[in-house]
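Right after this note come the structures.
One chain, subunit A, links the two complexes that follow: it is found with subunit B in the first and with subunit C in the second.
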Partner chain A sequence: MMPHATIPPPLPCPRHVLVWGWIASIFSLSPHLLSMPPALSVGCLVVGLYWLWNVLGNHQRWFPGSYVQLFFLATSLLTIRITYGQWLGRETATAFLVTLAFLKMFELRRERDLFVLVLLGYFLLITQFFQSQSLLQTFYAIATATVSTLVLVLNHRSETPLKICWHQTGKTILQALPLTGIFFLLLPRLHAPLWTSPATAKQTITGLSESMQPGSISQLILSSKVVFRVRFLTPPPSPATMYWRGPVLWQLRGETWHSLAVPLSHPPPRPKHFGPGWIHEVTMEPNSLRYMFALEFPQAAPPGGQLSRDRQMVSLEPIDTAIRYTVISHPDFSKKPSFLELDKSWALALPGSGNARARRLAQTWRETFSHPEAIVRAGLDYFVANAFVYTLSPPLLAHDSIDGFLFDTRKGFCEHYAGAFTFLMRSAGVPARIVTGYQGGTLNPLGDHLTVRNSDAHAWTEAWLPDQGWVRIDPTAVVSPSRVETGIQEAIAREPGIPPSLNPKNGLLQQWRNVWDLADHRWNQIVLGFDAEKQMAFWSYLGWSQPESWELVVALLLATAAFPFIFSLLARVVKSASGSKDVTEVMYQKFCRKLARAGVARFPWEGALTFGERAGSLLPQNRTEILLIAKNCSELRYEKNTSPDKIHALDRRIRAFKPQGKQPGERDPLRAKTKTLEALPPNPRRGG
Partner chain B sequence: MHALLSAVVDTAETVILGKRRQLRMALCCLLARGHLLIEDVPGVGKTLFAHVLAQVLGLKFQRIQFTSDLMPADILGFSMPNSDQTSFRFHPGPVFSQIILADEINRATPKAQSALLEAMEERQVTAEGETRPLPEPFFVIATQNPSSHIGAFHLPESQLDRFLMRIGMGYPSPEAERTLLAGLDRRILLKKIRSQLDTETLENMMAQVAQIHVAESLMDYLQSILAYTRIPNRYVTGLSPRAGLALLAAAKAHAFIEGRKGVTPEDVQAVLPAVTDHRLVSRNDDPQNTARSLLMAVAVA
Partner chain C sequence: MPHPWPPWKLSKTQPAIGENGVRLNYRTIFILPEPLGVVYGLMAMTMIVGSLNFAINPAVVLACLFTSILLVALTQTHRNLLGLMILPAPPIPVFAGERIPVGLVLKEMNRRPRFTLGLKSPTVPETARLINLDAKQTGYLEHYLPPHRRGPMHTGRLTLYSRFPLGLIIAWSHFELAKPIIVYPKPEPKTMIPPSWDTRQGQGEGAHGPAGDDFIGLENWQPGDSPRKIHWKASAQHSTLLVKRFEGTTSEKTWLRWEDTGLTEVEARLSRLCRWVLNAEEQGQPYGLILPNVTIPPGIGDAHRHRCLEALAMFPQS
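Moving on, here comes the complex of A and B:
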């Protein structure tokens, strides 16, 4: 049998338009692919690549029938349902839309389908901001919008060179920027974010959590994600004493330390005396958690937060958007001991069995020393005396990890030290607890602020001493003083496998990081931080005190409507400013304006003579004058007989020219227009 | 209007009635050193028009009736052995003349058509290895019936492009027709016409046309017209650079006829329909309105 050649069906649009359409789709869809169920992402990618292959090679295209499409749809729906465990929710909906967008590639038969794909891309572009509103994301969104717009431009001007289309696209995007500014300033802000409700499980959250096990913090410090930034309004403390307090862990279960299920809701005892305070402003990145960080020890919680008895600051709402608050902290906050029996029992609780060697060691201290302070010292001395090593990659410990760490390996990270020390203290009868948080931070010399990243994560111990109350004891500082004094980077610089961002040797990279960090910080402060209050303050500053939401909306609509007019006015001003070299043209424009006010506006296509002819017939009283001026204008502009005298004469004439207004009803403008069309020469083949 | 040319038009109008605009376009075409194509149904006076023009301009006139068996030699001329049988003598064809009326050009085969069109372009004739220049001025007025008529070889676009302008005659107005019907035989009137110009004056005028000033702003206008026709999806093809040159040359001639020293937008607008009519095919407008809607779409600079 002869294999008969199959002719591929014609492409709905020129190939390069389709390829750009594909690129635009990938731009807008790929961020979602990363957060979608892997099986679905892979499937989508396969569809996308198949389609690209088809377009590039102009192969026989396969349009699946409705049963196949239904099958695809059902499969993807099922995958989404199984992965997210729910039908509704923003991740579910986004994943579904992304899948649909990829399936749409299968049915690109007509030009219209490409539009659907591109417009869906625009919409999915917005949904990216559910996940992050960072500066980087914004740049990415602008890039995506640009490429999508390019596809629309290309589709209309497929024969125009790509460069010109890029030019047009760039112009369109730039023209949209002022409009964006109007929306930014005028769109009423909601006091609560609109999209907080269904944050589904799949989101990976990096940050300190309510539990700590060996390895959890050493994992966390590999991430250089910014947690918060701090601006000090008073002189800052030295880096060694900057402990940013986070979750407090009370309970040891197995190998893992946990915080109390119910926060200690009684407010901490009021301070009896204040030491020197540090006022600082914290801008937290959104992380969907509730811990608010502050320098030890915050005096009171900022609005929206709560201070618990163990001096943890917790936000009332999950931190889904960047927040900013000002806290006053005092280093020697409360030394007046008052201890609830309940807290004491929590602070001494230990599992029934396990880590017998550590318990025995603690028992000997308990018998030797009478005062808790001496026990604490003995504990710290133990770390110093036995050559413990501070390392990011400690050997793995199996059962009874505290025993293994204290007596065998003696290598560990801050969580090992804090955990083992707290265990020892509790075994020796000294109430103790673990505090996790961050220590130090990077001073950004450009922005004059301190940036605290996940890599600054730390854990330490607090012990209860009868006449001092809770005292911070950092066993890590004993083992590796540099960790606390110069920061994590120096302490682990020689470790293999640490990310380059943590490497202090890389000067240029560090500088870049500072610049980017500053930009990100400003973005958070100025753009993301422009909430309802700031908006009010802004407009009040401009003299519009306390605008209501509806007033803002009305202003927004008015400004949006006025925008094109303002824009074209500006364009005209710019044009006339740049083109004012030609004196005769300026004079001619003035003449045209005068006639326009008298009711006879020039059509753009009319030359001076034609216009003069028409204006003369519409304004018979001024006919001679108009014709003369028009003829002079035309001569001066197009014929090479200019002399200063002529120009001055014409200028005087035009200045003196006062056209009589057109009588209303004398000739209706519509008829006047058809009349002017006759001024153009007729078609040559029609004769006449 | 230029006095001499005004006299030319007035004289011609005594024979061809009510065709002032066509006369003006023909003069434009001549002064711009272009060639003219008249396309209209039979019997509207195309041939008479060419006759009158030749007569009134005082130029040497030849008429070539194109038929399907016309050979290139019938146009260009041919060589014949001398009576002594030792050499050949070239007998110049009708193309060696100042005004040629190529009547019903679309009747002839493409071969004959190209012979004339080549001569038009080159302004010289090469036969038997010898190149002979054509007289100056050299002005071809070709007439053709609308190509839908039977037995016609439609001129392709590339050859249409050789004509600076294409115009139609149109039916006469009722008054003109009444005069025509009641008056004398046109052929007799034709003989009475006295030529108003001579070759030297015409050459002089052509030189002046080339000197007509073109302002920067007019160049802008012209270029925006060209650019507009090149926007995709409006026209089948945009105007070529040659069409741009043609438009400018015709506008200059028009300005000269109007007695101006520089080209105004009005000049461009006046000649544009005749210049672009056979070059521009709109995708949207109907052919009658192509030029007009083009002019309406481009702003005067």
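Moving on, here comes the complex of A and C:
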């Protein structure tokens, strides 16, 4: 396959352009590699590195022919098809485009090919926002766009130095930013999508899900990803009572707790009377799931959401973009509801066998205590009396994990406690279910909002008591009170191997996190949340009430058309304002003004040296100084190579220069003599 | 590409450049996206529609940024040409059968640097070399037109263009040179100097051949003296250039005559005379030219040579 020629073929464009093109492509493509099938990612990476190696060295540059490329393409397509299980779909298309981009590296024969590569990169850059829309991601995208633009600037048949190209790129991007803002504000937002995307393939999502097994929450807790942020419109409750309700799990199968396949459809009965409650505004990060979080217990679901009978709030659409909603919650909302027999059978269901020791223990409680409340107390007492330990890394448990946890290891995380406690309650005949969600949160002192992260994930139990209804029972709080009172950081701070994000000791890091969190929150509120409604509100605020979509489009087109004129006008204004006289001239003018105030004005035709002579003779105290400055000015003005040091020295000298005023009685002999000359046109050769 | 203006506007949009030059203004600069720019624009549009559809605002921001970059590039490309002064460069001698160099002097007068300026014409669409200009700098831009037969040649439409900064947009300005380029006749090959040269020379006013061997001394160099005659060794020891003088060369004059070519066909005669002029010039031999319609008194030097070759170039077509 190797060609016989010994001289490597010429590069399609200068080497540094190719290298920058490579960097830009890697910038825009590599985030996608993380979410692609591993085999394909590795293949793409190998292609990219091979190409770079080829460009950097003076190698033979063997690039595959079209048949080999076709083979590569077919293999990649097959891999994609097998991995995602579908032809159409966002991930499939993205993975395909990324593969195409890498294969394109093999056929960079002309400048135009590099352009195509950059263009593909631009396009793939934007698809990254399907995965994440954070501020960080946006910064990354803008940085990548900058590098790609640099490649376009470099991709000319000219030997313009790299520095100038960077300068030009920066100029272009900075000048484009204001226009970007105008576009963003004027583009009419759609009330409903024109088309919906093909179903997305299953992907790994960090967040609470519809099932829980030992270890799932302690894994989640390692992620410091923000789930939602909350702003309270009424005084907030104390952190210990902030339980953010998420998926409710009813069914135990094997080791895993599951939510009901079909949510309980009837809405919960509205409470008859309640206090003022907590009004809070939640801004959720997109996570492709449907759970909407609110303080326990939400009164009603916000628009776009649904409240099920077990008081789970579920969005009608997957949360693919940041959403914001306001909820009213009240701690007493769940009290004394009616209890359906159907719910009761679910709340008592247990697997047919397994965990025999736990069942026996529960059986003794059932025989001993008559009232369910006493059984609950006995269950909690069991955790206290047997010195249970709250830890992020409990020992691994094999079969009958609830038995193993309750009687052998006695070390666990919240999911162990909630799971085991619910199991005990059901065995003892008390209806119980598991609620997962978040507990607490971090108050951001800068933004006056509460940030809830995956690391605040928590699981607790709800038991049904005949005279109280569903009651929250958090066995973790009994074992480790600090978990709910001061937060997860305090509770597990002494454990080795916890991520730095959970370490409260690092003050500076915490401060930085606060600042970043605030920026991210503002970004979510202002940019992510800028929908059709906000757009209307914005333009109404500026006095343009209720603009129609077509009016916005017309304004947009007008702004686009007017842009070049406004731009040239601004450029002209900036140019004339800066004046761009040379520095020496400005300094000399200052020197002349100082002398004029002292009574010696320069005649228009006087050169620096002649004026210096005259001024020196009129102001004998400053004579040496004046002569020196005049000499320096004239030198700097007319010398070809002026060093910055000299200019600075002159500047300092002129600043420090304080001419002593002329004696009032003294006459300027020259002035008297030349009075008549002023009418004459100045001699241009002698002009200053 | 077709001219975007109707013909009666041509004089304004395609000015003829005389000695005073022309400054590019809003009226003379045209601007359009390149095919790549169209692709880029369509991509940006797709991005905007897609991101609006899925209501992903950061993607809207990015798509808006891409669109804005295109618009900014539009103005930047335009401003890269705006205000440039174009002056004709002194003509370069060119003979029929050679590619014809067209030189332009570009003057930057707006105190901002310009980049990647090129020159093209309808027949030769791209220049090999693009130039950059610093603020207030003057640069020289060259373009080669395809060969042309002898005589005056109008350059036709020339186009100054630039794709700076992104290569997505092209701005251009049409103009033509007011003065035609004089294409000299194609000289005969050197090997084909006819034997009549020496004898005909002998019939001239001088008695000796043009390359007299009798060295008589050194003189100061004067404009018009051939570089071949410079005595470099001696010149190195003096502050001025010294020229070798040979017996007879200072005073002898040669007449190059139409009738002496020994040929009948007009173009062949012109070619031969052209060769003779070049030879005489090369050897530092003052020469005059006698054509049926014009007589040029003897002389030497670039200006004289140009006069003679121009007379040959302008000789009426048969």
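To be clear about the criterion, the second predicted complex is superposed on the first by the 562 of 688 C-alpha atoms of A that agree within 3 Å, B and C clash if a C-alpha of one lies under 4 Å from a C-alpha of the other, contacts with A are read in each partner's own complex, and residues count from 1 in each chain.
Keep in mind that, in the parts below, a contact is a pair of C-beta atoms (placed from the backbone, for glycine too) under 8 Å apart; a residue touches a chain by one contact, two chains touch by 3 or more.
Not measured: the values here are computed from a predicted model.
Peer 1: What is the contact status of A:Glu585 with respect to subunit B (first) and subunit C (second): first, second, both, or neither?
Peer 2: Only subunit B; A:Glu585 stays clear of subunit C.
Peer 1: Subunit A residues in contact: does subunit B have more, or subunit C?
Peer 2: C
Peer 1: For A:Trp605 in the superposed arrangement: first (subunit B), second (subunit C), both or neither?
Peer 2: first
Peer 1: Once the structures are superposed on A, label A:Arg637 by its partner contacts, choosing first (subunit B), second (subunit C), both or neither.
Peer 2: first
Peer 1: Per the contact definition in the header, classify A:Thr160: touching subunit B only (first), subunit C only (second), both, or neither.
Peer 2: both
Peer 1: Looking at A:Lys344 after the superposition, I want to know if it touches subunit B, subunit C, both of them or none. Which is it: first, second, both, neither?
Peer 2: Neither partner.
Peer 1: Should A:Leu152 be classified as contacting the first partner (subunit B), the second (subunit C), both, or neither?
Peer 2: A:Leu152 sits against subunit C, while subunit B stays out of touch.
Peer 1: Output check: A:Phe567 vs subunit B and subunit C. Expected answer is one of first, second, both, neither. What do you get?
Peer 2: After superposing on A, A:Phe567 lies in contact with subunit C but is clear of subunit B.
Peer 1: With the touch criterion stated at the top, can you tell me which subunit A residues are shared between the subunit B interface and the subunit C interface?
Peer 2: Common to the two interfaces on subunit A: residues 157-158, 160.
Peer 1: Taking the complex as given, what residues does subunit A use to touch subunit B?
Peer 2: Contacts found on subunit A: 157-160, 582, 585, 603-610, 634-635, 637-641, 677, 680-688.
Peer 1: Under the stated contact criterion, what part of subunit C meets subunit A in this complex?
Peer 2: Subunit C residues touching subunit A: 36, 39-40, 43, 47-69, 71-76, 78-79, 111, 113, 115-116, 130, 132, 163-168.
Peer 1: Show which residues of subunit B lie in contact with subunit A when the two form their complex.
Peer 2: It is residues 19, 21-22, 25, 39-40, 44, 165-171, 173, 213, 215, 217-218, 232-233, 260-266, 269-270, 272-274, 277, 288-289, 291-292, 295-300 of subunit B that touch subunit A.
Peer 1: Can you list the residues on subunit A that touch subunit C in the complex?
Peer 2: So the residues of subunit A touching subunit C come out as 112, 115, 119, 122-123, 125-126, 129-130, 133, 137-138, 141-142, 145, 149, 152-153, 155-158, 160, 164, 168-169, 171-173, 175-177, 179-180, 183-184, 187-190, 193-195, 197, 320-321, 527-531, 560, 563-564, 567-568, 571, 575, 580.
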